[in-house]
Structure formats: structure tokens, C-alpha cells
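Here subunit A shows up in two complexes: once beside subunit B, once beside subunit C.
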Partner chain A sequence: MSERSRSRPRPRSPDVQIYRPQLTSVLSITHRATGVWLGLGSILLVAWLIAVASGGDAYATLDRFLGSWIGAILLFSWTFSLFYHLCNGIRHLAWDLDYGFELPTIYLTGWLVVAVSVILTLLTWATALALKA
Partner chain B sequence: MLIKSSRQISRWRIPKRFPVPENSGVSPESRIEAGQIWPEPANATRIKHLQVYRYDPDSSRGPRIDTYAIDRDKCGPMLLDALIKIKNEIDPTLTFRRSCREGICGSCAMNIDGTNWLACTRSLDEISDPATVYPLNNMDVVKDLVGDQSHAMAQYATIKPWLRTTALPPAGRERLQSPEERAQLDGDYECILCFCCTSGCPSHWWNGDRFLGPAVLLQAHRWLVDSRDEATAERLDELEDPFKLYRCHTILNCTRTCPKGLNPGKKIAEIKLMVQQRQG
Partner chain C sequence: MSQSNRRDPLNRNVPDGHATALRRAMGLGSAGTGASHWWLQRATAVALVPLSVWFLATLLAHASSSHAVLTTWLARPLTAVIMIALLVALFHHLRLGLQAIAEDYVHADRIKFAVVGAIHGICYVLMLAGIFAILVIALR
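Here is the complex of A and B:
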């Protein structure tokens, strides 16, 4: 081996840059992302409670913001995050008790979590819009 | 789509990779450059293109991707056959590990088409065209497809993968096991330490310096459940660590990619349960 090559650090082989996304890793990173998003959402919840406590003007301002289309998108994303994190959390609880580790089960419950969280989100919004109308 | 065994390749080929910048978090010497496109074979009807990661420590260049074209009618059925054909007939500088060519030595583990598998048990029919061939992920590259396994082996050594006893063996015979006790090792002893799982584990990518990774934890489980081993409590003490064991976030890329169809994710969960249950 030459002097030059010994002084040069070896390259590190690529990982996240080339590894194929799969249901396993995609649902895992989504669980993390929805968890972080829910954490931020809890700040909004506190802001909402403070607005309620501090009287009509503050509440009206916040309510106007949440009623706008940008507020609606944010609330929709939090609804989905809540249901996804809940459903996948149940999956994690089962894993912690050593259930559901066979590969067909991992994929079945994975797709089930996606489907159920989407359905619950849509149901919640359908109900909310129906009550508002 | 539903996947029934790790052998199965998803029919969904999109997306090929996560939407991260190609060089995100990549050190300057690891940046991949464009490489050479080798000539197509003459008079070939069935051609398979392979985009292979190349790195030569004796040149001043960084890693690059070379594209080879293989005449399928003059090549064996497996990816390893194609790599050997390249080395014999096209480019003798191509470097890779191989030995048994039947999926029992674990030498030819590499990242094929984005997931980890053994080149000798992956048919050329199953991979896309062009197919990408990289070394196992997140390893220091010695040359081309050969990753430095020193770190993985050092992590393996930390779990003391041998029978630990204090009592002497019974006089005049070996330490015997009942068939039931022996069956406890099923799903563990088949591991060939190819490190497909560990190098496909995102948690090991980010915390590989301290997290042991699925291959080593599966081996840890193998010694925890061995009826002859007398150091179960010490082994659990050694593993009970926020990083060594608990950086496993049940992503399960390990179970998805194991070329021997084993279930490292399940075994890690069982270690976590053993730690919980002994606390009563």
C-alpha cells in the first residue's frame, strides 16, 4: 500500500442515500415524524386553552386563524398524526409483548395501520363538518 | 404490497430511494463520482446492466459507479456469477468477497438493488435492469464491494459469544442438552454473520458506534437461551444499556432483509422482555 493511500481516509459506503424505502422503515419514520408533530400540536392546544381563559378577543383571533384554510390543513394533519400514532403505537405495544413479528403479520398490520388511520381521520372530519353544517 | 418472506422482492420499484440529498451527511472522501461505462457485449440478445460501486485505495480518485453489461446467455444464473464473469472477462480489478456460492458463508453480502442480500442467492432474473450493486451500508470501504468488518466483529466480541460457565462439566461426558433445550436455539444458530441486517438498520447507521445492531443482538440471544450457559444474568446486565440494546426502535428492516429468513427483530424484543421479566 502506498504512502498516499494510507494517509487518505477510507470512504464510508452509502446508507440512507441508496437503501430502498420499505413499509418497515417508512412506517417507522412516519411514527417518529407524527410524534414530533403531535408534540408541536400540544403547544397549540395549550395556546387554545390560554385563549379560552383570557377572554373573547384572544379566542376570537385564534378561532379565526383555525377556521381559515391554513388552519384547517394544520388541524387535518394533526388529526391524521393522532390516529396514525395511536394505531402504530398499539402495534408497537404488541411487539413489546413479543406478538406479531412474523413478516406476513408485520406487513398486514402495517397496511392495516395506514388504512385505519386514514379512515378514522376522514370519519372524524366528516362528523365534524356534518355537525357544523 | 404484502410481503410473506424476506426472499420476496416487492413488485413496487418506486420510490427507489428516500428523498434525501444524494450527499446528505456524506464526508468529502465518500462522495460518489460518475464512473466508466464499459462496452456492451457483441452479438448479445439478453443483456443485463449492472451499476457497481467502485473504489480503489491506490488511486487518487474517490468512489465511482461503473456500468457493466453482461451477456445473460454466456453467464450463470446468479448475481455472483455475473460479478465473477466481470472479473474474469471484462475488468479483473473488480474486488468482492465470495466463497461458498450457496448462501452459507455470508461472504458475498452486498446491497443489491437497494436492499441487502447475498449475491450468490440472488438471481439475475429478480433484479432490475440496470441493477445497482453497492457494498454493505455504512462501512468503511477497503476496496470496491469489500467493506471493513472490523467494527462489526469488535461489537460481536463484546457479547462474549462463547459458552460461559463456572461449574465443571459432568465427569466423563460433555454438557448435554435435551431436544427441547436444543430447539431453543432454532432461529438463532442458523445466522451466518453476513451483517446484511446490521448494515440495513437505520438505527445502526445513526448510532452504530454504541448500538450493537441486529446481527450481534441475535447472537446475544443465542447465548441467553442456551441451556448450558451459566452467565445469563451477567449477559443481561451487560446488554441493559440505553444504546447497546435499546437503540432498537423495532424498525424491522433486519427481519425484512435477512437472507437466511431469520427474525432478528423478534429476538431483540425477546431480550428486552427477558430484561423486564427478571425485574419481577
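Here is the complex of A and C:
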């Protein structure tokens, strides 16, 4: 490494705060955010399995919590996070196969991911409420 | 951070002129295991596409099921095996994803080492606890 580059700070990766948010960057950080949120949801998945294994009382307690309004909000957020991470994950896999890197395509698939995940979330909850009723 | 004054976590005091490029890079990043990290992240992603759709669909079908019905369903060999496959794929995918996030945002090497270690540990414990619960349900 030369003396020049040693004395001058190396260029750093994007300083997020100086950029205007774009669809691409917002969807990218949302992918990570939903991934982390789903990670917290996976704790509930394990807790749910343990509750089912533990017997009726433990399961009833968890079921009551999930049936409350705060439980419903959590489940709704996890449903959306799952569909978003799933749809955007498929978009990522397409990129890995070198498809869809043209800028118009990136924006088209980006909006498609948003629309499809919202629609699937609403459809899932409409189905769940119809089955419950 | 400049590469030249970066702390060497393995304390190898080899002068730059006497080490190969690979030797200098080992332990400081993805050298050696980066490709397998990338591949496993993608392989589990592909596996999770059908597994998560299956999970959501079956959960939806059991939205109003009693504990007894749920237990019977989870105890079926096919359900149990798919559930275990889901847990294995999910927690590998989660630990690799969280590791990538930690490596991007945590810059101090020692703290990064601890955080990444904790991520892997917690994910494996959750995976094993989930698998054990399914086995308890299925084999009772």
C-alpha cells in the first residue's frame, strides 16, 4: 500500500444518510429488516412447538395470547414480513442467476414485490378470518 | 478502516513481505468459507420457498383446530419430517443472514466475533429445541 493511500482515508461504503431514499435502497433494507423480524418470529415458532408438545394447558395460554389484539398485530406483521421476504428473496435468486438487472426491470420487479406481498397478506388474513367465522 | 493498521485477531506477526496474500487474508473475512456461506444461504432460500408456503397454508387450515387435532397432525410422519426440514433450513438461513448483517454493521473485531458466535449458538439451540419438540409430539 502506498504512502499516499495510507495518509488519506480510504473511500467508505455508501453514507446512507446523505442519499435520497430510492425504491431499490428502501426494498433492500426492508429485506434485512423483515429477515430480522422473521428471526424473532422463529422464536415464537419454536415456543409454539414446545407449547404443543407440553400439552393442552401450555398451548391454551399461548393460543389465548395469539388470539388477543396484540397477538393478532404480531401475527399480521409476521405474515407480511414472510410474504415480503419470500417475494423479494425470489427476486434476489433471479439476480443470482443474472436475470433482471436492467434498471427498468429492477423497478418493475420491486413494485411487483410490494404489490404481491400486500395482496397475499390480505388474502391470507381474509381466508383466516373466513375460516374462523 | 485501513488494512495496514487493522488488528490481527490471530496475532500472526508475519511481516507483509514474508506472507502470501492468502495467509494475510485468512481469518480477516470470508477467506476460505465465503463461497460455502453464499451457497448455503441460497440453497436454504430455495428450500424455504416451498417449505414456508406449505407451513403457512397448513397453519391457515388449522387456524381453528383444537390442541388434539394439532397434535395428531404434527405427529404424522410426513408432517413431522417436513417440519424438521423447515426448522433446519430456516435456522441455517437465519444464522447466515444475521451473520452477514452483524459483519456489515459491527466493526470492532472482538465484538463482531462475539456477536457472530452468539448468533450461531442461539440459532442452533432454537433449531434443536424445535426438532426435539416435534420428536416429542411425533413419538409419544
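Everything below uses one rule, namely that the second predicted complex is superposed on the first by the 119 of 133 C-alpha atoms of A that agree within 3 Å, B and C clash if a C-alpha of one lies under 4 Å from a C-alpha of the other, contacts with A are read in each partner's own complex, and residues count from 1 in each chain.
Here is the rule we use: contacts are C-beta pairs under 8 Å (C-beta built on N, C-alpha and C of every residue); 3 or more make two chains touch, one makes a residue touch a chain.
Owing to the predicted nature of the structure, the values given are computational and were not obtained by experimental measurement.
J.: Identify the partner contact of A:45: answer first if only subunit B is touched, second if only subunit C is, both if each is, neither if none is.
T.: A:45 contacts subunit C only, not subunit B.
J.: So, does A:96 touch the first partner subunit B, the second partner subunit C, both, or neither?
T.: Both partners, subunit B and subunit C.
J.: In the superposed arrangement, which partner chain does A:111 touch: subunit B (first), subunit C (second), both, or neither?
T.: In the superposition, A:111 contacts subunit B only.
J.: Which partner does A:17 contact after superposing on A: first (subunit B), second (subunit C), both, neither?
T.: Touch partner of A:17: subunit B, not subunit C.
J.: Name the contact category of A:25: first (subunit B only), second (subunit C only), both, or neither.
T.: A:25: touches subunit B, not subunit C.
J.: Quick check on the output: what are the common subunit A residues between the subunit B footprint and the subunit C footprint?
T.: Overlap of subunit B and subunit C footprints on subunit A: residues 1, 9-10, 92, 96.
J.: Mind pulling up the subunit C residues that touch subunit A in the complex?
T.: Going through subunit C, the ones touching subunit A are 1-4, 42, 45-46, 48-49, 52-53, 56, 60-61, 63-64, 67, 70-71, 74, 83, 87, 90-91, 94, 97-98, 101, 126, 129-130, 133-134, 136-137.
J.: Please name which positions on subunit A make contact with subunit C in the complex.
T.: 1, 6, 9-10, 32, 35-36, 38-39, 42-43, 45-46, 49-50, 52-53, 55-56, 59-60, 63, 79, 82, 86, 89-90, 92-93, 96, 124, 127-128, 131-132
J.: Using the touch rule from the top, collect the residues of subunit B that touch subunit A in their complex.
T.: Answer in residue numbers: 1-6, 10, 15-18, 20, 22-27, 29-30, 32, 53, 55, 57-58, 60, 62-63, 111, 113-115, 132, 134-142, 147-148, 199-200, 202, 205, 249-253, 255-256, 263, 265-266, 269-270, 272-273.
J.: Would you tell me which residues of subunit A are touching subunit B in their complex?
T.: Subunit A residues touching subunit B: 1-2, 4-5, 8-25, 28-29, 92, 95-98, 101-104, 106-108, 111.
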